[in-house]
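Quick one: the structure is below, questions incoming.
A, B, C and D are the chain letters, set down in written order, and residue numbers restart from 1 in every chain.
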């Protein structure tokens, strides 16, 4: 088995933009892009499989199993704006080379559909877990637009790790532009609030409207969970576990 | 050296089912399928070697050595039922990519013999170590049959790790169906009792009769070992060791 | 993506010497060769990318991102001496095989420009952090010249780890000669003083003049930082972190 | 760079036997076969390089460097007995696949010189560090001969790890026979005494005479070192370090 995209349906897209949200820190990207898929009613048209994904299968609520994978959705913009290609999934690649291989595969597939612009979404950790969204990009113009949409320029120094970063870096070889939006998070639990903050910037950047009603419910639920965790005083333990590097086994909530 | 199957004998099988039981948690799969090989008098007809198996050789009781390997056995069903192809062996692959490579190699070999259905067998850990058998599958019909044979549908969430899971996941690309049967175990020692529980479901599913007399002896012996371990109060230590992820060096009883 | 050099500009060099200074212990090599690039006004003409570099991107002070990479600079010697090809960059390869692959790629690129001699630069750790520079080489004549330039012959035993070592070792297959200059350092912080010590030997060896004024400022600044760290008594903690093998995640100052 | 043998000299050997002694537990194999090279005055005729060897270079007493490598020596038997091909070197491969690749490369090279029999040499750990030599083989006849030469049949169970084991296992695919001789050692320091014990069995098995005078001096020296270590009570610390798996960085005495 090689890293490959399996197409479920042939689609033709108009000046599409790729938006990536695979699982990462506090699931911010996964939650944000996953919500966007739901909110827009985007349709799945391809799956990405790789021997660099974890060597397990996932069991759903009916006992059905499947391999970890990336899923490509598309959304036809009813207005003049660009169509969207949305990438969510179960996992990132588990090795250094695998990360480069999967990211390259994603970009080649996107490009074959005419994608020229890539937006990656994720989280960045701070002690406070405020509501900032920072951005970094291959293009000065994109940075300006993101700032207009509510983001701040990322401070220099700390690298952007994983596929959200690599996709940006690799666009340079493929005549594409890319920007990364990272939502502030404490990072020790799935963080729908950070996802919403990112989505607000993203939707403005894309010029689309998103109804956040369902996401607000998730935020309330997550807040309740966090409060009850703190009450039983195990918050710090969970924090420690979630803080482990992604080299190790993923914490269960990522699957 | 590449991952490859070395055929010892040419066999022709009638609508064969592959049953996999490589070493994993508490050796449940290895013990179950190994017992089935003995009980049915199945005959070895091929071996699988891989540079992803551990880089050591195994010494037998006469000082003879051999590489770790997978072993394929076949059993001709004297009745109308399907023939069996049984896979046991010494080890699973040691790396993420190696797991995908070995699983793919197994399925390609099975398919070249006409296999359309795969059953994988293993253990799942609970604190109680009860006698449940859970199942997960690529196919709803198979789940129904497994439940009729005494299994319960696996709860969602926890992934099925290793070749027992990957074989299931990869059948999707090969026009095959697959089901996994996992026996409940405490998981810190080889568990012939869990193996028997799985075998009971498996034999009903396959419509074959298995005499459990010898397995019952193993169960008694294992129970005696566990009791004496508990007496010297080192049970907890062993538990900790056996609980180590399979990334690390395998505990000795797996060889 | 494969390990590859992307040429930005075609250059023709006269009997060029390759000088390598990728990040390593206390950044000695990186600081020394980086300073040389500045001091000589060398011009970038190629970049090396590899899937064995870390899977992240680097954010600069304006929010622009790029992949980790190696950078080749060239300097045309205004005198009779040899031209220089200078290699600096963000990171070394992250795996054993990656190290061999990147080093081989560097040498093949250098050779295609007529390089026959390679100088690698780095640090070696001692408790005292004195001001010695030691050398090791594939060639007795080069060792003699380095000693004349102020270096001491490296004591035997401790291997030279990473690309500074591998480049030396691999020249043997390519009809090249090579020498390594290692500056003594305590090794727990970026060490511009060790870099200066190495540069003094290097400039004599190359027969070029280097103005150390700016480097002296960095040395003073580093000394101030170290003093203040010691005052708050966290020097030992940092020392422990910097002492971690380079298998792990790089300490932040390397990026 | 790939794993490959670089031939220094063309030699023709008469029914040669390969004797392997790369560094492993307590350097027993390395010391034994290294001594045999010296004692017989064997001549080097080829070197094996691999990107799976560690990514460093070794510095000799004159400041000269070289890559880690395997070295093949040959010895022409002046009597009727078989010629010898002796393999020593600096390191074993660092990864699972690398181990298979290097071992396969060694056997292919040996076979191209007509080798049909392989003897691997190493150490095995016991608490007592007695003077036993155990053997394991692909062939019953070889075991009988080794027992006649003073070895005992290895107990079953504990695998033979590394190239000493893999070479045995892989001969099965190449129409060769192989035996492994392992000398008992405490394993925490280079153990020339265990090397001598193995050499006594090996020389009888090969029907050659070896003068042990120089090895006896090494044994005395090693005994002195061990005594002085025990006096300063750090023996236990060293023991812990030497006991680390070979996945990690090698203890310094192996280089």
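The working rule: contacts are C-beta pairs under 8 Å (C-beta built on N, C-alpha and C of every residue); 3 or more make two chains touch, one makes a residue touch a chain.
Worth saying up front: this structure is predicted, and the values here are computed from it rather than measured.
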| item | value |
| --- | --- |
| Touching both subunit B and subunit D (chains) | none |
| Distance in touch steps, counted as few as possible, from subunit B out to subunit C | 2 |
| Same-site or different-site touching of subunit C by its copy subunit D, using the half cut | different |
| Turning angle required so that subunit A lies on subunit C, C-alpha fit (0 to 180°, nearest 5) | 90 |
| Chain of greatest Cα-centre distance to subunit B | C |
| Distance between the centres, which are taken as Cα means, of subunit B and subunit A, whole angstrom | 36 |
| Distance from the mean Cα position of subunit D to that of subunit A, given in whole angstrom | 51 |
| Shared interface positions of subunit D, touching two or more other chains | none |
| Chains grouped in pairs wherever the two touch, ordered by label | A-B, A-C, B-D, C-D |
| Parts of subunit B lying in touch with subunit D, wherever the complex brings them together | 1, 49, 51-52, 54-67, 94-95, 98, 249, 252, 255 |
| Touching residues on subunit C, where the partner in the complex is subunit D | 96-97, 99-101, 103-104, 135-138, 140, 143, 153-163, 165-166, 168-170, 172-173, 180, 245 |
